[in-house]
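There are two complexes below, and they share chain A, which is joined by chain B in the first and by chain C in the second.
Let's look at the complex of A and B:
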C-alpha cells in the first residue's frame, strides 16, 4: 500500500473529489452565505459572494419574527424520533421472523413490502388522506407519525433481516439447549449482537423520517403548533416579500441537530454498512 | 445417571428418509462415538437426542423416561456445537455462566460453578476475555465449560475438533479423554474421523446412509467388522479389497482364487459356492513382501520414518497399499510380490457381509476399554 499512486494520479483524484464536493456542497455554502446577508444584499445585482453588512443578525431575528420556530424544530425532532421508534418496533420482530422462520408466502410477503416502499408516499397521499379522515386523525401528531413509520418499515425490515441472517442459527440453538426461551434469547443474544445493525437502521430511519415529514404534515395537518419545521418555514414567505435570509438561517438551525447526530454516529454507520462484507 | 435407549427411531425431512429405523442402547458413563462419512445422518441423530429435531417415529428414552416431546433443557443433556456457538458479545465468564443465568441461579453459585469449570479447563486466566480474543482450542474449551456447568447426565458433541489444526486436535483428543475419565458422564461424540473414534471411544457406532452398520468397541470393529463398509472405514490406511472367486468350502475354511494371483484358503466360518464372487480384505499392515505372492509393481513410496507406506499396482490394475518397515529399500517402478498370513485376512461375500473369522490376534473380551481401565 505504499505509494500506490503517482503524484499526478493523486492530483487527478483530488481534483475529481473537489469537483464532486463542489456540486454537493455549493447549495449549503450558498444557503449559509445568504443567511448572513441583509435582505437587500440577497437580491443585489451583480452578485457578490462576500456582501456588505454580513452578520449573524438573522439568526437572532428568526426567533422574533417567527415565535413558533422553536416549537417547529421540537415537533420535527419529536416526530422523527417517534417515527423511528415505532418503525423499529415493527421492523425488528418482522425482520427476525423473515430471517428465521419458514412460513407460507414468506418471500412473496417480503417482495410486497419492498414494492410498497418503491411506490412511495406521494402516490398514495390521497387514499391516505381519506384514511386519516375516516380515522379522525387529521390534525394530530399521529397523522404524521403513523404514515412516516409505515413507509420506513420495509427498508428497516430488509436491513435488519440481513443482520439477523448473519447471526449463526447455532447460537440460538445453543441458548435453546440451555433452556432459554425465545424472548430471553432475543434479549440476551440476538439483539446485542445485532446492535450495530440496529444503530444503522435507526439512523437511516430517522433521517428518512426527518426528510419525508413535509409531505405528511402539509397534507394531513393544518394546525400551526403541530407543524414540523419544513412546513413552518413557509411562513417566512410573507405577503409582499420572501425573507430568504431568515429562511436560510432557520433552515440551517433546523438541519443542525441531524447533522450533529450524523457526525457523532457516522463511524457506526460506516462500520454497520460494511460489517460482514469482508471475512474476518 | 445417563442411560439412553433408542427404539425404532427414524427421521424424515419432507419425503426424504434420513435416518432409517434405529435401535441403540447407550449405557451410563459410556463414551460413545457416532462415526460415518459426511452426510450419513450423524448430526441429525445427535440433534434428535438433543431435542433440536423432532423424532419422526420411534421412541427415545433417557434414564428409562420417554423424552420425545421434552425440550432440550428438560432432557438432562448439554451440547457442544461444531462452531462452538459462543456468544461474541459476552466474555468467557458470562459465556460459561449462560445456562446458570437462564436458570436464575444465585450469584454465589454462578461464581463457584464457573470458577470450578474454568479450573478444570485451564481457563481461569481468560475469564474476562471475549471469545474473539481466544485461540481455537480455548474457544473449544469455553464451549465445553458451558456444557459442564449444567451438570448434564449426557454430553453431546458434534464434530467438536474439526475446526482445529492437526496438532491441536491431537491434544484436545487427549484432554477430552481425560475429562471423560474425571467426570464419568455419558458422552456421545459425533465425528467423521475414524481416528478420533478409535482413540476416544468405549463404543463406536458406525453409521452409513442413515443406518447403523455396526456397534462395538474399537478393536471389535477393527478385528471383526461385520461388513465391507465397516472394514473399509475403520483402520488407517484403509483396508485393501481384492476380487476373488470361491473354490468351495474345506475344513480349513474357504478356498478361493485371487484374481490374477495365487490360490489361498482363508480360515473363516460359512459356506461359499464354487464360482461365487468374493472380496478378500487385507489390512495394509498385514501385507509383507513375498516372492511367491501377488505380483505387483511399486507406484508411490511414502516414508514416514518408523514405517513406509507403499502404494502398489496389482496385476488387474487395482491399487494395493502396504505398510512396511521404515528401512525398506523399495523404489517406485520396482516389481514386488505381496504375501499375507491367511489368518489375518477378511472375507466378504457378494452383499458385502463378512464371514466370521476363526482367528483374531487379540482376545477382544480381555482388552479393557478406556472406561473399565
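Let's look at the complex of A and C:
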C-alpha cells in the first residue's frame, strides 16, 4: 500500500530519471554520433545531430591512422590487471591482520593507510618522478603499475577488512584447536570463505586502475608503444586540427570492453562500492 | 601464543613496503625538497623558507581561493545530484534496474576519455551545446566554453560533477536502504505524505552519510588533476589553475622541484585539515552508534 505511487508521482519520477540520464549519457550519445560522421560533416555549421553520410567508416580508418591503437588498449588492460594483482597481494594479508589480530601498532598503522588514501598521487609527483628516475623505471610498465597499485592498496585494505570482520572468529578457533597453524588457517579456512569479497574488491580495483592511468603514464613514460589508451589518445587530442570523428571512434572502441565488463559485473561492483567503504 | 606477536606484522610487510616506498617516503621527501632550490641541476642547496615566502608573496591566496570555490561548487553539485539520483534509484518503479546500470558509465570509463568527450561537447564552432544553444537562441553566435575565464571554470566543474555523481548516488542509496522500513510505515499510518516522510524520516537519518560523503568528496575533489589538465591545462589565463594544477606546472612543466614541493606542502596542509575534520566526525558518529 505504502509503496503505491499516484500517476503524477510516476510521471515525476520518470521525468526525473530521463533528465538525469540525459546529463549522464549525452556525452556518450554525442561521441557516438560524431564517430559516424565524415570529417566534412563534423566541421559543419550549423550543427546538426543527424548529419549526412553517416557510416562506420571511421571505425575502419582509426586502425590505419592510429596504428598503435590496439597496442594502447592491450597496454591499458595489462596495466590494470597487473595493478589489481599487485594491489590485492598487498591488501589481503594486511586487511586480515587488521581484522583479526590485536597488536601494538595496529591503530597507528591503520591511520597511516587512511592518511595515504587522502593524498592524491599528483601531490607527490615530484619525489615520485625522482624515485622512478633513480630506480631506472622511467619509460617502463613498472613505472605505471607500481605507483598505480600503491595508491589503491589503502582502499583495498579497508574494503577487505570489513569482509574479514564479518567472518565468525569461531571458525579459526576450531582450526587452531585441531592444531592448524595460523598461516594454514588463513589459507585454507579464511581465504576460501572470503573469496566472494575478494572478487568484489578485485573488480573494483580493476575499474579504478583502468579509469585512472593517465597521470603516471603522462609523467613517467615517453615511449608511445608502452602508453595506455588515455595517454595514447591524448596525443592526437593535443594537435591543432583534432580529427574529432576518429578520436571519438577510437575512444568508443577503447571503452567498449570495460563497459561490457561493467554491465556483466555491475552487481558485484555495486556490492563492493556500498560495502561500508567507498573509493573515488 | 608467543609467536602471535610477529604474525600480524609479517602479514603487513608487503603493504607497508609498497605504500611506504611509493607514498610515505615521497611525503617526507616533499617536505625536505620544499626547503631546497632543487631543479634540473645536479646540485641543490637548502634555502630555508624562501620557496614558501615566494609562493605567499606571489599567488598563494588567489590560487587557494580559486581551489576552494571550485571544490565547494563541485562538491555541492555532486551532493545535490547524488541525492536526487539516490531518491530516483530508491523509487520502487519498473525500470529501476536499468536506470541503475545506465547512470554508472561516467564513473566506469577512463576519466581522460570522458574528458575528450566533454572537450568536444564544449567546442564552440561545431560542438553540441553551442550548436543547440544557437538553434534555440540562447547564444547569438558560436560560444567557445573553454576560451572564457568564467565559462571554463564552470565547464570544468560540470565535467567533474558528471564523473563524481554516480558514486555519490550509489553510496547514498546504500545508506537510504539501511533505514528501517517500519519508520516509514509508522509515519504513513499517521497520515504523513511521501514528501513529509522524506523530509522528516529519510533526510535526518541520512544526514551522517551525507556529511561523511561531503567530506570524502571534498578531499577527492581537492586532489582532482586529470579533468582540468585535459580540458584547459589550468587556463584560460590561469582561471582554472587549482593548487594541484599549479604544483604540477611548477614542478613538472617548469622543472622547479623545490618551489613545486613547497606548493605541494601547502596542499598537504589543506588535506590534513580536511582529514582531521573527517576523522573527528567519524569518531563522533561511531560513539553515537555505540550509545544506541
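Just so it is clear, the second predicted complex is superposed on the first by the 261 of 280 C-alpha atoms of A that agree within 3 Å, B and C clash if a C-alpha of one lies under 4 Å from a C-alpha of the other, contacts with A are read in each partner's own complex, and residues count from 1 in each chain.
Definition applied: contacts are C-beta pairs under 8 Å (C-beta built on N, C-alpha and C of every residue); 3 or more make two chains touch, one makes a residue touch a chain.
Nothing here was measured: the structure is a model prediction, and the numbers come from that model.
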Worksheet item: Mind checking chain B and chain C on superposed chain A, clash or fit?
Response: fit
Item to complete: Could you tell me if A:116 is touching chain B, chain C, both of them or neither one (first, second, both, neither)?
Response: second
Discussion item. Under the stated touch criterion, which partner chain does A:178 make contact with: chain B (first), chain C (second), both, or neither?
Written reply: first
Worksheet item: Looking at the overlay, what does A:17 touch: chain B (first), chain C (second), both, or neither?
Response: second
Item to complete: State whether A:133 touches chain B only (first), chain C only (second), both chains, or neither.
Response: neither
Discussion item. For the three-chain arrangement built by superposition, which of chain B and chain C touches the greater number of chain A residues?
Written reply: C
Response to the item:
Value for angle(chain B, chain A, chain C) over C-alpha centres, in degrees, nearest 10, is 90
Discussion item. A:210 in the overlay: touching chain B, chain C, both, or neither? Say first, second, both or neither.
Written reply: second
Practice prompt. Considering only touches as defined above, state whether A:40 meets chain B (first), chain C (second), both or neither.
Written response: neither
Practice prompt. Determine the nearest approach in Å between the Cα atoms of chain B and those of chain C after overlaying the two structures.
Written response: 7
Fill in: Of chain A, residues touching chain C in the complex
1-3, 5, 9-10, 13-14, 16-17, 20-21, 23-28, 30-31, 34, 42-49, 76, 86, 89-91, 93-94, 96-98, 100-101, 103, 105-106, 109, 112-116, 118-120, 122-131, 146-147, 149-151, 153-154, 157, 182, 207, 210-215, 219, 229-231, 233-234, 237, 244, 247-248, 251, 254-255, 258-259, 262-263, 266, 269-270, 273-274, 278-280
Worksheet item: Residues of chain A touching chain B in their complex?
Response: 168, 170-171, 173-180, 184, 188-189, 192-193, 195
Worksheet item: Which residues of chain C touch chain A in the complex?
Response: 3-5, 7-9, 11-12, 14-19, 21-27, 29-30, 33, 81, 84-85, 88, 91-93, 95, 99-114, 116-121, 123, 125-128, 130-132, 134-135, 142, 162, 165-167, 170-171, 173-174, 184-185, 188, 194, 213, 216, 219-220, 222-226, 230, 244, 247-248, 251-252, 257, 260-261, 264, 267-268, 271, 274-275, 278-279
Worksheet item: In the complex formed with chain A, which residues of chain B make contact?
Response: 50-52, 71-73, 77-79, 81-83, 85, 87-89, 98-99, 101-103, 146, 150
